[in-house]
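Naming follows writing order (A, B, C, D and E), and every chain is counted from residue 1.
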Amino acid sequence: MNPENYLYLSSILFVIGAVGVLVRRNAIVVFMCIELMLNASNLAFVSFARLNGNIDGQVVAFFVMVVAAAEVVIGLAIIVTIFRTRRSASVDDPNLLKL
Amino acid sequence: MMPHLADGFTSPTFEYQLLAPMLIVFGGAIVGVLVEAFTPRGPRRTVQVALGLVTLVVAFVVLLAVTRPKLGDLAASGTVAIDGPAVFFQGTILVLALLSFLLFVERGVDSAGDAFTPSGATIPGSASERELVAARVSQTEVWPLALFSVGGMMLFVASNDLLTFFVALEVMSLPLYLLVGLARRRRLLSQEAALKYFLLGSFSSAFLLFGSAFLFGYSGSISFTGIYDSLSSGVGLDPLLLIGTGMVAIGLFFKVGAVPFHSWVPDVYQGAPTPVTAFMAAATKVAAFGAMLRIFYVALGDYDWNWRPMFWVVTILTIVVGSILAITQTDIKRMLAYSSVAQAGFILTGVTAASDSGLSSTMFYLVAYGFATIGAFALVTLVRDGTSEATHLSRWAGLGRRSPIIAAVLSLFLLSFAGIPLTSGFIGKFLVFEAAVNGGATPLVIVGAIFSAVAAFFYVRVIVLMYFSDPPDDAPSLALPGAATTLAVAVCAAGTVALGVVPGPVIDLAQEAAAFIR
Amino acid sequence: MIELLAATPQTSTGEAVAFWCLAPIAVGAAVMILLSRKAVHSALWMATTMIVLAVLFIMQGGIFLGVVQVVVYTGAVMMLFLFVLMLVGVDASDSFVETLRAQRVAGILLGAGFGVLLMAAVSRATFPEAVGVGAANDAAGGHVEAIAEAIFTRYVFTFEVVSIVLITAAVGAMALTHKERLTPRRPQPEQSVDRIRSAHPTPHPSPGVYAQHNAVDTPALLPDGTASEASVPDELRRQGTVRYTELEAANRRADEDGERE
Amino acid sequence: MNDFPVLSILGLLPFAAAVVVGFLPHGRELLAKQIALVVSLVMLALTVAMAISFEPNAAEPFQFVEKTPWIEQFGISYALGVDGIALVLIAMAVSLGPVVILAGWNDADDNERHRPQTYFALLLALLGTIVFVFAATDLFLFYVAFEVMLIPVYFLIGMFGRGQRTYAAVKFLLYSLFGGLLLLAALIGLYVVSARELGTGTFDWTLLAGMPIDPDTQKILFAGFFFAFAVKAPMVPVHTWLPDAAASATPATSTLLVGVLDKVATFAMLRMVIPIFPDASEWAAPFVVTLAVISIVYGALVAIGQTDMYRLIAYTSVSHFGFIILGIFAFTEIGGSGSVVYMVAHGLSTAALFLVAGFLVKRRGSSLIPSFGGVQRVAPLLAGFFLVAGLSSLAMPGLASFVGELTVLIGSYQRWPVAAVIAVIGIVLSSLYVLIMYQRVAQGPETENVKGMRDAVPREVVVFAPILALTLAVGIFPKPVFDVVNPAIERTYSFLQVAPVEPEVPVGDVTTDGAATDGEDS
Amino acid sequence: MNAAAVVHWSEGGQQVVSDATGVFGLTWLLIALPLLGAVVLLLGGRRTNSFGPLLATALVGVAFLLGLVQFLQMVGEPAADRSFAQSLFTWAPIGDFSVDVGFQLDPLSMAFVLLVTFVGGLVHVYSLGYMANDPDRRRFFGYLNLFVASMLLLVLASNYVLVYVGWEGVGLASYLLIGFWNAKAEYATAAKKAFVMNRVGDIGMSLAIMLMVTTFGTTAFSGVFSGVEQASSGVVLAMGLLLLLAATGKSAQLPLQAWLGDAMAGPTPVSALIHAATMVTAGVYLIVRSNPIFDLSDGARLAVVLVGVLTLLFGAFVGTAKDDIKKALAASTMSQIGYMILAAGLGPAGYAFAIFHLLTHGFFKAGLFLGAGSVMHGMDDEVNMRRYGGLRKAMPITFITFFVGYLAIIGIPPFAGFFSKDKIIEAALADNVWLGVAAILGAGITAFYMSRVVFMTFFGEQRWADDVHPHESPRSMTVPMVLLGIGSVVLGYVLYSGSRIVLWLEPVVGPEEEHELGIPVLAITAIIIAVTLVGVAIAYSMYLRKPVPVQAPLGTVVTRAARQDFYQDAFNESVFMRPGQYLTRFLVFFDNRVIDGFVNGSAALIGGGSARLRRWQTGFVRSYALSMLAGAVLVVGVLVLVRL
């Protein structure tokens, strides 16, 4: 098998994540889709690490996980705050800011 | 295995002199967190304010006194490059942050306190919120968060590998997501802005990260130097480089608010507490452009004939759409937001030059733009309807007669944005256009010139309103700015004029600093 | 195992089999994230994808990473997601009716286009022989050691900066969710004493009693026909949305007029 | 000359005065006016002194030169100096200063929104920028002054104008900015070219003039420069800002705007466009001349159809600017010198027309021609002023414009006979628009509209007298102006390749008045 | 002021133009005196009301005396030395080109100086009485002085630019004086019409000047005339035609004649001076002055002749139909100038006779106009001849002077007009039979319409309204009339005898060309007188033997057409004015809607684009993400495209 296949997989997952951001309305699901995109990136990093024989790719992936975790905390905090105010987790509901 | 590890482990070098400003800012922020935890509520705010301002001042002094003489070295095992542009941008960020912090401090314009909600956790309009307002509590976490963000920006412009680059981006962004949601007035808007900023910001980070992966895949290295070195070699992997370049660019375009990645800008600028808007509009833009310059001039430096067309397209779109959209805005914060989009387009014109003069002109423009932006947003905080800011443009009618000074100073900033001579904006525009023409991007300059006139229309519209129209019957009240805001506005105005009349020294600085190391 | 998977630069047949089994699962689970009506289902599909990815990491020599992926991502992060899902209502399900015109079609088309661009790029690239991370691992004396060395030497500054991200997260979460108390919580005995000492030892009348409506915003009518302010929640009174009966409203207006004169 | 920085003082003095005047407190309106008047008179005195010590036939292009580095990184300096053309135009502008201030003495008194202090501060600031724009020998400095000039005018129209003042002010500003920004782009292009040609980039006129630039680049840069100046001039079809601005501004503002400020464009064509882009100028000349002729005829025809005095005067200016540009692009000394005299003359005649029309409008409260009639019956002096102003506009011999118009026509006929023949139609049309307006306003039976209208007051006479005196002086004895302008024009056209036009049958040596030596030794 | 004697070529041989010295050095005073009067009166304001008119009159008188002295001095000089040049200062020096304010006093200009100052002086005197009751008479005299100054400048100028200055100056004075009573809207319109039509003619002048500068590098007479031989024939023809165009405007010749009739709106002294005696003859002066140009171009001369002959017939026909005494006289003026132009067009054979007729006409036509003014004065400003009749008893002096003028104009020997017109007709006959026939026909018609005027005014029964009491005019008015009458009697013979006028002008226009006539001169004279008498007889039968109806009869088609000036105004209106107005209106619309509309439209377009684009900012975070993804496709797509 060709190691590039990992990259195809990574690309597919990234795109699915991106599409998910566009089509899902639940803020938490949207956020999960973003996490999926990050995961896809990690896969790419790891695959490239292997292709290039450079462990740095794995290190980056490791850092990404840490950062993603922190991001999740903040993101969920924001979502919870909004939910408390609006009783809704739909990303379509907050649209006072427009035009 | 242990002995083996010990053998191979070489202690990392740490060039403290070069990293000191960043470390000071981060350190100050961490102390701030501790203060948050251990200081009683009474003096807490005072301590935080003092800590924040002192940190920035000290960092700036150290930057000038200690770091600057040593610049030109990689630091922290090559992950950070403290070269001319880095120091220049770090200094700019520190100054702009200091000015924005002065707006954070201000409690004089809103009878209830500063611009931040007393507690982000309370439900807007609830009893407990009122209680907290009555007790004049403040959300003092703002200070360490803002400092973290400043530190992230400083690292962002100095990062020399993809990893540090990404981490710095997040360090810079995460606190901003939070700060945006902490407005005292119109909290629904503020929270909405935070959610939008956060979701779209993460979305763009994902693009950037994916692009980084491809750059890594292309070059086999995550350091910018490594990527640059591999540019000539990896012919077969070129498609990866293309994808990587494009997607990293997308992440940065988002941060600078370039079209079509700009849609967050108006919403977030409008929803955020105005001092935060000022901070974001000025400092974030500097940081993002700094990072953009570094990655495209250092890592992709010899690759410009490939990425410049993409910049052309985005630059033109940004200038055109930003200028046009600003015309029909009715809210001054949104108008300024679109103006900042258009301005990003002009700065991109300089970036597109891909030359030393492109670099130095962009640097100058960012300084000029930063001052004017902070000044303009500072003035926005002063015109108030009852309690909250009167941001609808119609409320600004006739301001020239009621408060000649506010109107005059705002006009100064607007004229600077419009690029009228004797203001900093004109020199900035002149420099970036010069760089672009020199770099063969004349059509961009022509588009820029034409749409500068379109852009001038909406700046002028505000001046028309202020001077040529009659004030509404229930004219908004004009808050008397406190010392902090006054100082900030005065510095910004002075900077705007000084950079317009005697730009020489700063151009010198920028030109001297305009040399990246690889 | 480590040698088998990590050290080989080339894909073995085993890896190929594993990949072809796992990749469809990952993609399928990812698609299911999008298709699940309930957020909680999406979360579970997400976890599935992540676990599959962990295996793929390990297959490519990222053993440490695979473990971290399971522990940190699938373990901690996904739990956080689920936790918040519980908080905002685990039963909440998205309506599948798209409200934004053309959003879904455009999104899918653009996504497909973007995917084609990405995959075309990958397919057009001619990769050299994969090197594998084995050599790097060996140089450092082992896989974990190699990562450790990178983290603690080359990227130690970055590593430390990452701590800032974490602190930010903590501070941020606090700022957005923690409500500070201004006054110490009063113990129950004191509350009951106060109650007895107040003018109203008995419970306040409930709203709507003797009134036309049985709603919270309609004040109760006292025997003399006047409205009892105390019967509506403070919040509503402050907001000025108390619904008086017509008679009462008329009386109040008259009173106000009298005061004005 | 000497080291006395007369040009800087001339330019900066009004700015300083503007600051002082602008910050005078309420109740000191009169003082503000007096300061403004005194400052403008001091400027006039300085200019006269400068003109006296000016040497027309000096070898170096500029006199009273000042030069201080400004933005050294880009070869930009604060460089001032005047040649004959600039001297004449500065003199014209500065002469109009006191006139305009006196004419606008009460313009801002009944303005509810804004104070007279602001009005006079803006007028002074405008005078200052005008000096800089004519005196700058550094193109960057010129551009700065060129753009900064817009700001006071913008506020003068928007704050103190009438009718659709906001629309007019914004239109004026946007038009000018649009042109100005393209000029900026071209200026930058020029700088880049200069860096390539000369090693270091510069904005210094003395280095740029005559610099070799390849023809294609020249054409592009020429287009940028010319467009900006065509907007400013204004030429058809980019003229429509002018009628609106003129109809809305106070007469004093219009005078400075049309009479002086727009001259910057034609001045810059002579000063910059031709010496720096000689090849492109020659290349584009047929096109420019065509536009100029269209402007002449079109402007006059549209002027005839106007019902608003101010708009009418504005359109006449469109026509007159056509003549000026025609003269410039004739590339003959007669045409060039004539166009400079025409600039001066047009400044004076426009001033007279706007100011006298302003006196009338002030009395009647309307600028519509039909709202007058028979003014001569009630205010003969005012009507007389109006007629003289009109005659000046239609180039009556004895008045300044005649000198300009005739020489421009002669000069352009030498190079572009067909254009000149068409342009001559302008002299018929000019009599139409002037006389129709005069007839409807001043002649005919006394109408209800003008009953009880006061004749000219002494202040108005004092305003009109110097304009008339200057108009007559230049009209009857223009030689001093020609003597000063000729060398500069000669220098300007020396950059061109075109052959000078020689008479087919030269008879110069047997004339009683045409001998070449007359100029110097008689 | 300039280098000493320079050579001036003329067909007649060498003419020496010497520097003006002595009394000739005062030439500038001729212009300065009336100019001073104009300045004092116009700028002096009401203070000069009392003495202004007298001052103005006196200044013109002094100018006349000065001219007379100069004339006498000049007569004393040998014929070849009668040209003097004076240069005051250089007006516009540009490189090799320069224009001087310089004068040339030679026999031709001398003749005009005397005519202008003498007739002008008399008209001033006349006006003292005529305008005695006008509140604005100070202004009137100011304008008159301005006119005299301009006219003198015109005839004294030594270069075409300066001629042009005077040319425009008289135009301005004419405008001001026609519109002097502009409270009447038609009068203001008439003034404007005169000015504008003159300006149409001025196009010719301007273009001629441009052509001269381009060809010769100078506009000085000396330079132009010395260079004209070397110029190409096309250039010379063009110059001639352009100067002719200028002349038609100023001299009210076809096709620019329409203003003259309306110009009668001005006060009658104005009509006498400007629109009969002097200004309208400027065209003749211009052509005669430019004789070296016309000498060289047969084409140009042919055009001149055609214009002259057509106008003389046109004017004559129009004159037969006018009931307004001044308009009848105006038509006559037009016709008589037609004679002069015709003569001038005949070249060396006719120049002197053109000037001859010009001088005699100046006297008798001025006298006729002053007489008409006197009649109007006595008739409460009634101008309709059908309302006159039998006035010879009421105003005998007016009648006699008028009658003398009448005899002069119809060419009864030995009155002035006889000699001058006879000479022109002879020259025309010699040139071309048909020209001669036309000229003789014109003489007949002249006799008819002038007889008509005299009969309707002074003979027959009284037809005036009841409240009108005709009376003789005051002395100030009658004295000038008498003086002019004397001139009308004697001037013809004085100038004719011994070919005085021909010899006088010879230094300027060259010697008279002898012409061959197929028939004896006396026969021609007889024919002319016969035709004239026929004209008188017809008039007698129509207007003296039959009563003149107060209401004008409808008349024939021709009469009606002539009354309407052969529909020239209608023609101008429908061909120039209306289309011009439509064009103007269209252009105003075009300017506001199309050009400005384009500008405002672009602004609106941008605004509309903004409003439309703004709708993309929906507030939905997912839409924003969508646009970002679209942007991503765009960015990556561009990158990929570049590599393709």
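Assume a residue touches a chain if its C-beta (ideal position, glycine included) is under 8 Å from a C-beta of that chain, and two chains touch if they have at least 3 such contacts.
Not measured: the values here are computed from a predicted model.
Asks: Would you kindly count the fewest steps from subunit A to subunit E, each step being a jump to a chain that touches the current one?
Replies: Contact-graph shortest path, subunit A to subunit E, evaluates to 1.
Asks: Taking each chain's centre as the mean of its C-alpha atoms, which one lies nearest the mean of all protein C-alpha atoms here?
Replies: Chain closest to the assembly's C-alpha mean: D.
Asks: In whole angstrom, what separates the CA-based centres of subunit A and subunit D?
Replies: 65
Asks: Round to the nearest whole Å and give the separation of the Cα centres of subunit D and subunit E.
Replies: Each chain reduced to its C-alpha mean, subunit D and subunit E end up 36 Å apart.
Asks: Any idea how many Å lie between the Cα centroids of subunit C and subunit D?
Replies: One centre to the other, that is 69 Å.
Asks: I'd like to verify one number: the distance from the centre of subunit C to the centre of subunit E, where each centre is the average of its C-alpha atoms, in whole angstrom.
Replies: Taking the mean C-alpha position of each chain, the two centres sit 99 Å apart.
Asks: Going by the touch rule set out above, which residues of subunit E reach two or more other chains?
Replies: 614, 617-623, 625-626, 629-630, 632, 636, 640
Asks: Mind pulling the residue numbers of subunit C that touch at least two other chains?
Replies: 100, 103, 106-107, 110-111, 114, 117-118, 120-122, 125, 127-128, 140, 154-155, 158, 162, 165, 168-169, 172, 176-177
Asks: Which residue numbers or ranges of subunit A touch two or more of the other chains?
Replies: 7, 14, 17-18, 21-23, 25, 30-31, 47, 49, 51-54, 56, 59, 63, 67, 70-71, 74, 77-79, 81, 91-92, 94-98 - these are the residues of subunit A that touch more than one other chain.
Asks: What is the complete set of touching chain pairs?
Replies: Pairs satisfying the touch definition: A-B, A-C, A-E, B-C, B-D, B-E, C-E, D-E.
Asks: Mind listing the subunit A positions that touch subunit C in their complex?
Replies: So the residues of subunit A in touch with subunit C come to 1-9, 11-20, 22-26, 28-29, 31-33, 35-36, 39, 42-43, 46-47, 49-56, 58-59, 61-63, 65-74, 76-81, 83, 89-90, 92.
Asks: Can you tell me which positions in subunit D touch subunit B when the two form their complex?
Replies: The touching residues are 70-74, 113-114, 143-145, 147-148, 150-151, 154-155, 158-159, 165-166, 169-170, 173-174, 177-178, 181-182, 184-185, 188-189, 191-192, 195.
Asks: So in the complex, which bits of subunit A are touching subunit E?
Replies: 18, 21-23, 25, 30, 91-92, 94-99
Asks: Note which residues of subunit E are touching subunit B in the complex, please.
Replies: Per the stated touch rule, the residues are 603, 606-607, 609-611, 613-614, 616-617, 619, 621, 623-625, 627-628, 630-632, 634-636, 638-643.
Asks: In the complex, go through subunit A and note every residue touching subunit B.
Replies: On the subunit A side, the touching residues are 7, 10, 14, 17-18, 21, 27, 30-31, 34, 37-38, 40-41, 44-45, 47-49, 51-54, 56-57, 59-60, 63-64, 67, 70-71, 74-75, 77-79, 81-82, 84-86, 91, 94-98.
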